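Chain lettering (A, B, C and D) follows the sequence in which the chains are written, and residue indices restart at 1 in each chain.
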C-alpha cells in the first residue's frame, strides 16, 4: 500500500464507523480520505459490505477520477467526492449515507432550520438543501454534477464549507465533510441527530420558531470562534 | 433432505435473516425458496419460533399446495407464496412479514410514493398497494386469493414483477420477492427502510412531492438498466 | 417455596420477559401468575429492579389481598391484578407496563381501531380504553377501583375477557392477561406493536379507515375460531 | 483523590450511566455530584468521551467556580451546575444532556403537559420550560445566566425544586437533578421517556387533554406524599 497507507486506513476506519453508528444498512454509505499534497483520495469500493472491507480494498483515485490503486471499482459516488475535494479547499474527508432522518429532510427538499443549540453547536445556520438536479446534469455526468450542484449551492448562498460541513441533496440524502475522514463521519452522525430532533420539534409545534440569532451565535462561537472554550 | 437440501437450507437461512434484521417478532414472518425445475418450494413451518428452526423443519410444498416433505404444517401463508411462484415467472424466493413501517402503509391502504433515490434505487415507481380483499375471496380460499389479488394488481397496473419486487396488501402487510430467498428478505429490509423514510418525509411536509421522473429513471437504470454501473 | 413453586417461577420468568422485550424501564411493569384452585397469585415485589428478582422474591397474595408468602411488599398494582383474577374467569396471568406506544393511546384516552390484520390476529375488535377513574374511586381504594373500572368497561361493552385480552386504562397504561403469566406478557408485547403500527397508520392518513369486518373476522377465526388452522 | 473520593466516584458513575442509558452521543451530556458540607462538586471534564473517563479525571469545582482539583477543564456547563447548587437547597446531583425527545420539547419552547400517570409519578405538574435566554445574559456570562434563568423560572412559577426535579431550557435541552448524581441521571431517563410519550400522545390526538387533577395528585402522593406506599 506504500505511501497511501494512511489515507487507505483512514478511509477504512471511517467506513466501519458508518456502520457502527447505524448510518447505513447494507452498502448504503461511503467515506473517503484525501491527501491534498498528492491530490489523491482513498474511497470505499462499490457494492462491498462493510464487514468485508480491508484497508487494502480501499480504492485510490486522483482528482481527475482516474483509479490509481486498488483492484475493485470505486464507489458510484466517487465523482461527487472528487468535485468536493476540488472545490472545497481544506477538507480531507467526505461521508455520504442514506441515514433516514437526514434522507427524509432531503426527500422533503427542505433546509433544516436551527431549532436549538445542538444544531448551533455544529452549524451556525440552517443546513442547506440543494435544488433537484436538472435533467441535463443527470444525462451528462450524474455523480460529477451532483458535486457541482453542491458546490453551486454553496457559492450562491455564500456559504463557507469550512464552517458549514453538511448539505442535503434534494431527493437524495446527506453529504458531510471535515478535516479528516473520521470527522466527516462524525458530522454525519451529528446531522442525523439534528434532523431527528428537528422532525420531533415540528411534530410538537408545526410553527416552531428558529432559535434567536444571539443564541445561535453564542453556541457556534464558544465551540468554533476565535475565543472558543468548549471542549479541552 | 436429499435433493431438496439446497432450497431447505436457503429457506432456513432466509427465515433467520428475517429475525436478525428485526423484520418480525415472534413468528410474524415467513420466507420460502423455490426450485423452478422441480416446481417445489421450501417454506417456514407454521407457528414455530425462529430460534427453533432447522433446515430439516422447512416444509416442502408443490405448486398445487401438496406437502411433499416435512413433518410440520407449512406456514398459513403458503398458498399466497404458491400463487406468486405460479404467476411471477423467474422469482425464486418470497418473504412476508408484518414489519411496522411497511404494515402501516398497508394499513393506510396507500401506495408509497417515490420520494427519493433510496426508493428509486430499488423500485422505479411507487410501491403498489392492493385493494382490500373482498368478502367472497376471503370465504373461498383466503390465502390463495391473497396471492391472486397481488397477481391481479400487477396485471391491472401492467407491472413487471421482475422489476417491482415489492407489494403491500391493503390492511395486512408486505410481500417481497427476488431471484433467491435471500434476495426476497433483502427486499423486505429495503421496503421497510423506504416506508420509514416516506413516513418521515410526509411528517416534514404533508405535501411532499415525488422525485422528478428523470432522477427516478437515472437511479433505477444505474443499478438495473442495461448499462448498470452501480455495485461491483 | 413449597406448593407455590410453579406460580412463583412463572411470575419470575414473566417479569424478566417484560424487561427482555423492552416493555419497561426501571421497575415500570409487573406480571403475576395465578393458581385458580388455590385462589393465590404470585406477583413482583414493589420497587425491585428486574435484575435483582428471584423466584423466591415473588410475593404470594390471596384474592382478598392478604399476603400469604414472601418477605417483600407486593407490587402497588396488586389490587388491580386481584380484581381481574376475581372477575375474569379463566385467566391465569396478568401483565401491566407503561410501554410507550400503548401508554400514549391510553394517555390520549382512545381505543385503538382495528387498522390491520396484525391487530385482528390477536383481538377481533378495537382495543378498549376505560374512562378516567373518578375522584371517589381514587379516594376509596385506587388500585382496587382500577380493577373495577376495567371489569365494568368489559361488562358495559359486553366484552369477553377470554377473547379480548388487552385494555388501556385512560391516562395510565395497558393491562394484558392470558391463560398463563407468559401469555400475558406475550399479549403486552403484541399490544405495544399494534399501538405502534396504529400510530404510524394515522400519521400516514389521519382518516385511515378500519379494516373491513369480513377480514377482521377471518383473521380472528383462523387463529382462534373453532376451525383454527393458524400455528401448529 | 483524598476527601473528595466519593463525589468523584459518584460523578464518574453518573456520567457512565448517561451513556449506558442512551441519553447522549459523543460528549453531549454531563453529570456532577455535590458535597454540600464542603461546598464542592465533581463534574465531567469538558470534551472527553465517556469511554475515556476515570474517577480521577472528574474536576472539582467550588461554588465560586474555582477549580480546586483535577488536571482537565471542567464541562462548559459548569457554571450552570454551580448556580443550581447555590439556589436549589438540598440537591446533590445534576445531569444535563441533549436527549432527543426532551431536546425537541425544549426546541419547541413548550412545557410538557401531564398527559398520564407516568408523568405524575415523577412530577406533579407540567415540566417547566424557561424563556429563551436574553441577549444581555448571553453576553455577560452565558452558562452562569442559564443557571439564573432556571432559578428565576422556578421562583416566578413558585416551583419547589425538591419536588420538581426537571426543567427544559428553551431552545437547548433538559437539566435534571436529585438527592444524588445517580438520581439526577435517573430523572434524566424518566424525563426523556415522559417527553417521548407526550409526543406520541399529541400525534394521536393534537387536542389531548391533561390528566384530571385528582389522578395527578394520587399518583404523586402515593410515591412522594407523607403516606407514600409505592416502592419498598
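In this section, a residue touches a chain if its C-beta (ideal position, glycine included) is under 8 Å from a C-beta of that chain, and two chains touch if they have at least 3 such contacts.
The structure presented is a predicted model; accordingly, all values stated were derived computationally and were not measured.
Chemist: Report the chain whose CA-based centre is farthest from the CA-based centre of subunit B.
Modeler: Chain D.
Chemist: Do subunit B and subunit C, two copies of one chain sequence, contact each other through the same residue numbers, with over half in common, or through different ones?
Modeler: different
Chemist: Counting only Cα atoms for the centres, state how far subunit B is from subunit C in Å.
Modeler: Each chain reduced to its C-alpha mean, subunit B and subunit C end up 33 Å apart.
Chemist: What is the distance in Å between the mean C-alpha positions of subunit B and subunit D?
Modeler: 47
Chemist: Among all residues of subunit D, which ones touch two or more of the remaining chains?
Modeler: 203
Chemist: Which of the chains touch, listed as pairs?
Modeler: Pairs flagged as touching, ordered by label: A-B, A-D, B-C, C-D.
Chemist: Hey, which residues of subunit B end up touching subunit A in the complex?
Modeler: Contact set of subunit B toward subunit A: 115-118, 186, 189-190, 193, 196-198, 200-201, 203-205, 208-209, 211-212, 214-215, 218, 222, 229-232.
Chemist: Tell me, which parts of subunit D touch subunit A in their complex?
Modeler: My answer: residues 25-28, 45-48, 72-73, 76, 98, 100-101, 103-110, 132-135, 138-139, 142, 171-173, 199, 202-203.
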